[in-house]
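What follows is a group of structures, each given as structure tokens.
Here come two complexes built around chain A, the first alongside chain B, the second alongside chain C.
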Partner chain A sequence: MLDFLLRRLSAALVTLVLASVVVFAVLEILPGDPALVMLGTEARPDTLAALRAKLGFDRPAPERYVSWIAGLLTFDLGNSHAYGTPVSKLILDRLVVTLPLAAMALSFSMCVAIPLGVFAASRRGRAADWLVMGFGQLGISIPNFWFGILLALVFAVALKLFPAGGFPGWGTDFAASLHALILPALSLSLPEIAILSRVTRSSMLDTLREDYVRTARAKGVAERDVLMRHALRNALIPIVTIAGLLAGFLVAGAIIVETVFYLPGVGKLVFDSINNRDLIVIKNVVLLLTILVLLVNLIVDMIYVMLDPRPKVQA
Partner chain B sequence: MSGFWSRARHHTGFLIGATLVGVVTLAALVSVFWTPHPYDDLRMALKLKPPDGSWLLGTDHRGRDVLSRIMVGAQTSITVGLIAVSIGMTVGVCLGAWAAARRGWLDELVSRFNDLLFAFPAVLMAILITSVFGASATNAILAIGIFNIPVFARVTRGAALTMWGRDFVRAASALGLGPLTITLRHVLPNVASILLVQATIQFATAILAEAGLSYLGLGAQPPVPSWGRMLYDAQTYLYDAPGLAIWPGLAIAITVLGLNMLGDGLRDLFDPRLRLMRVG
Partner chain C sequence: MSEFTRRRLGGLVGGAGALALMGAAPRAHAQAPARAKDGVVVIGMSLEPPVLDPNLNAASAVREITYQNIYESLTRIDRNGKIIPGLAESWTISEDGQQFVFKLRAGVKYHDGEPCEAADVKFTLDRLSAPDATAPGKSLYTSIKSVDVVDATTVRVNLKSPDAFFLFNVGIGDAAIMGRKSAASNGTKPIGTGPFMFKERKEGDSVLLVKWPGYRDPGSIKLNTLLFKFIKDPAAQLNALKAGDVDTFPGFQSPEQVNQIKADPRFAVVVGSTQGETILATNNAKKPMSDLKVRQAIAHAINREDLIAGENGFALPIGSHFPPHDPAYVDLTKTYPFDIAKAKKLLAEAGHPNGFEASLKLPPVGYAQRSGEIIVSQLGKLGIKLSITQLQWPQWLQEVFKDKNYDFTIVAHTEANDLDRYARDGYYWGYDSKAFKENWAAVVKEVDPAKRMELLKKAQKIIADDAVNGFLYQLGKVGVWNKNLIGMWENSPTPSIDMSGVYWKV
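Up next, the complex of A and B:
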């Protein structure tokens, strides 16, 4: 197991190093002069030169790359050009919104998708199964930001049960902050629910065909226990794998959904930084989001090993 | 092929999918020559009109006809999706087929490259590209296209590897044919159906990605209408004109649902055992 995890960890590290090179190359080498991108073509030469000197763009690229990575390791990411505050503080302030949002969306999806999939599998070929499958097909076809707007239309504009957007802040009003995250988390979880319920269904159908399930039924184990204790545990393995792959979905979704609901999270920070041409923030946030995706995949690998203790032959 | 069509006529999902995609494509084609009203005519006096006989879906905040804009928006979505998937497919299929034919370090390199691209969701890729080169439909196409490369590379590699193990391919190899000839003559024609199914599904994903990017303002720029941007604009008027936030979203959902059903249907008709990749 340790060997397997070490191999995964080193593969993730290689991907991370490559990703950092790509991010650096796209943002700081491809445009020729990053200062020109940040200030626009109208900028005066002396202002450009001042920014270049201030942000160190006048140093050679490899040197800048090394000092960026060295800074990353100590979480010293430099200052945001637009906000004037340290990027590390900006990101930390925004993560307290994005991480709970993602966690909430993931829990919603698990809590809804797994029972839905198990239910559909146990009613295979019947109306309930078709309904769940139809919902799945619909769920992956609806853009989650549109679903968010529809939720806002119904629950905020018409029923006035939730705010249509905004975030009061955990310190100001904890309950209201939690309340403000519900609609965004719901809209973020829609495609996940759709995909996970389909995966759960097909994975359950596979395990329900196994001999040990037949044995359990022959022994007279109640159907409910057959489903939950015998089949679901083994069916969980592919479900967890897919849930991990969906981490990328969550990250991408959060950028848009936070904009829909005016949430001051990392996604909104990226969006604002594009408009502000704040390359320093974009560079760090994009890499951070990549680290998050890789980290989630690593955690999933660990859960995978725990669920399926057989030795892995290939990484 | 006649067997395919006779089975297709009885496959409900395929028929529904094909119809939905057909309707959207037709709307896009018709809009090239005709729309109920000019899509970019500003008539402030007529702004936020509810639907009626002459404005079937009403007007937006600048008095422009919503139906006409949705029709022209279909052109944007389909064009961006088609070109992006073609880019991803061309590069991805070459990489995947090459990796399967040569194996060894090249295969390893292609796999690592795929892992790297998979770590960047399409939106992050687009953000990187647009933050440097500016927001435009072309850059959105590029971002979605790059994101599609690893998907096609993986599918092609997997399917091609199976082909390389088959007797007829081994026989061709024993006859002295080179890897390129074998790939072109024997491998690719045999994996074409898988690629067609995957392309349909990726087309759906590309349309969703384009909608997301244009919602963020990173896609087609005004005055060209795009469904995502229409939704962004509609959000300001949720209280006054909720319909504005419904129609463009419905157009996206219908197109993507149609393509997904078409893809699933094609998979069933070609080979029910095929497994698809769904990543977004």
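Up next, the complex of A and C:
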């Protein structure tokens, strides 16, 4: 297990270094001068040059890359050009919104999708199965920003059960903060539920056809144990794979959902900092997201091993 | 088996439902009547300001939040664009118009307790105009030669040449008078002399201001708390208003949604004027637009009625680069009346009987998107085939504005007194007219209001005749606010959400 973990970690590290080079290079060729964005249309050329020098943009690219990485290693991410505040504070403030949002969305989708998929598989070809699959199709087709707007219209504007958006902050009001995340998490989880329930269904159908399931039934094992202990456990591997992949999509979804519900999360930070050409924020956030996705993949790999200890530990 | 699954599933779904309800039950969030009692206003804004220092950042959102609320300037621009006393209670101007002596209000303090003195005025004006200054508005203050501190409450500004716009320019947010000691950190922790002081900022979310008890006239300030909330998405803006989370959008950006708000008895929708001349900016330095006949043909092909209908009627037609609410305005919309036959004839005379192909590079703003499509169809009738490219602001600034790599774009020029751009060398329109430059030099030097007005009228006419740009419409300011919120600015003579005179009717 340790050997396996070490190999995975070193692969992740290589990916991270490559990602940092790519992120840096993309920002180099991204059109739009940050100094021009800050100073606007009335800026004089000498003013622009002075600001660029002040921000260090006049230094050669390799030098800037090295000082960025050196800063990262010492946890000094610098100050945002747009806000003037430390990048690390900006990112931390946003993570405490987006991570709970993503966790909530992921648990919503797991809690709904897996039972739904098992249910559909157990009633294969019958009306209930069609209903679940129809719902899945719908869930995949509905864009989550639209679903978010719809949720806000119904539950915030009409019923006034939830705020239409915004986030009070955990320290200010914990219950209200949790409350504010429910609608966004729901709209974020809709496509995930749709995909996961379909994956669960088909994966369950595959395992239900296996010999050991037939044997279990022949032995007279209770049907609930056949489903849960024999079939579902083995069906979980593809489900976990997809759920891990979906974690990456949660980030992309968060950009949109956080805009619809005006939540100050990481997704919105990415969006705003690209619009402001706040390069120092963009590169650090993107790298952080890369780390998060790598971390999720690592966890998924470890769950594999736990679910099915056969292949990877020996390999 | 199905029995089991159904029960299990029912339990889980029920659990999720209960969770949702549990979240919903404990609190109904605060609504406008409760806020009115506490003197709280939640102000919605489309754009979030970067650093809160208007001396150093160009974004108008910075001015909207800080000007008159946190910071004050020497003079002050009132809700109708009139220049009134600000931190300076009076001033005198020398005969030759090159020397201004400002008498400051006595006893004014900053939020941190420091006195606001002549030295702070000098500090700020130097910060804007010194050779190494990095102020975005530096070009507004180039006429300043030197600033002298006469005594603690008297400051003398010497100009290189008379500047008819000087009193206005020292009254806007750009020239917010900052404290010598606090200026360096004003970007993140703004300290001014205004009635509200900075309490907290949540980047990406909101800025919180509270009433400052040390204000020189605390009785005149009726509100206790201002929460500026940043909501970019138009659908989310509408939801926030209707759910009662936000009391006002002083500048509502999506005219297509206004009818829905009007139908809601809680809100007032007020359309006022802005400084935003919206133009089909044209690259005059590039062929074939460098040909006057081509530009005249385009002017004849523009139907402003359709464009204004696209803005849901919240705009006024303009025939030059000048706001209709200004006393010096002349109506030049009939210079090149809408006439396709004449437009075609002119284009043929210019050697393009079948039109030409060109680029239309649009910034990411609603009016440009809407008018862009209409312009493509209107010029299409002449055979001018425009291909639209959508740009982000930073790209627009770089590609169109700085590198001048464009044929046409649509943009609103929202600065006050911005006719001077037509006299600038190297500006992105590529317009170069000796007649205009001479006339503009005279405008700037003329201190007699009546004579200056005549010169301003002439300036409008020169660029209208030259059809420098397609002059489309003056953007309206669509303000939405709770009907009980009294005293909001209807017009936008300068970027500001001045809350010093606003109160809740109870």
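Convention: the second predicted complex is superposed on the first by the 290 of 315 C-alpha atoms of A that agree within 3 Å, B and C clash if a C-alpha of one lies under 4 Å from a C-alpha of the other, contacts with A are read in each partner's own complex, and residues count from 1 in each chain.
One rule holds in what follows: a residue touches a chain if its C-beta (ideal position, glycine included) is under 8 Å from a C-beta of that chain, and two chains touch if they have at least 3 such contacts.
This one's a predicted model, so the numbers in the text were calculated from it and none came from an experiment.
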For the combined arrangement obtained by superposing on chain A, do chain B and chain C clash, or do they fit?
clash
Quick one: classify A:36 as touching chain B (first), chain C (second), both or neither.
second
Identify the partner contact of A:27: answer first if only chain B is touched, second if only chain C is, both if each is, neither if none is.
first
Which of the two partners, first being chain B and second being chain C, lies in contact with A:152: first, second, both, or neither?
both
Between chain B (first) and chain C (second), which, if any, makes contact with A:277: first, second, both or neither?
both
Broader residue contact with chain A after superposition on the shared chain, chain B or chain C
C
Could you tell me if A:197 is touching chain B, chain C, both of them or neither one (first, second, both, neither)?
neither
By the touch definition at the top of the document, which applies to A:260: first (chain B), second (chain C), both, or neither?
both
With the two structures laid over each other on chain A, which partner does A:162 touch: chain B (first), chain C (second), both, or neither?
second
May I ask you to decide whether A:123 touches chain B, chain C, both, or neither, giving the answer as first, second, both or neither?
second
Touching A:18 in the superposition: chain B (first), chain C (second), both, neither?
first
Select, from 7-15, 25-33, 97-105 or 133-141, the region of chain B that bumps into chain C once both structures are placed on the shared chain.
133-141
Going through chain A, the residues touched by chain B and also by chain C turn out to be 31, 37, 149, 152-153, 157, 164, 259-260, 274, 277
Residues of chain A defined as touching chain B within the complex:
11, 14-16, 18-19, 22-23, 26-27, 30-31, 37, 137-138, 140-143, 145-146, 149-150, 152-153, 157, 164, 191, 195, 245, 248-249, 251-252, 255-256, 259-260, 270-271, 273-274, 277, 279, 282, 286, 289-290, 293-294
Residue positions on chain A within touch of chain C in the complex are 31-34, 36-44, 47, 50-51, 54, 80-85, 90, 93-94, 108, 111-112, 115-116, 118-119, 122-123, 149, 152-153, 155-157, 160-167, 169, 175-176, 178-179, 182, 186, 223-224, 226-227, 259-265, 268-269, 272, 274-277
Could you pull out which chain B residues touch chain A in their complex?
112, 115-116, 118-124, 127-133, 135, 204, 208, 211-212, 215-216, 218, 228, 231, 234-235, 238-239, 242, 245-246, 248-249, 252-253, 256-257, 260-261, 264, 278-280
Quick check on the complex: what are the chain C residues that touch chain A?
1-2, 4-6, 8-9, 12-13, 15-16, 19-20, 23-24, 26-29, 48, 50-51, 57-59, 132-140, 187-188, 202-206, 229-233, 235-236, 239-240, 242-245, 392-395, 397-399, 401-402, 415
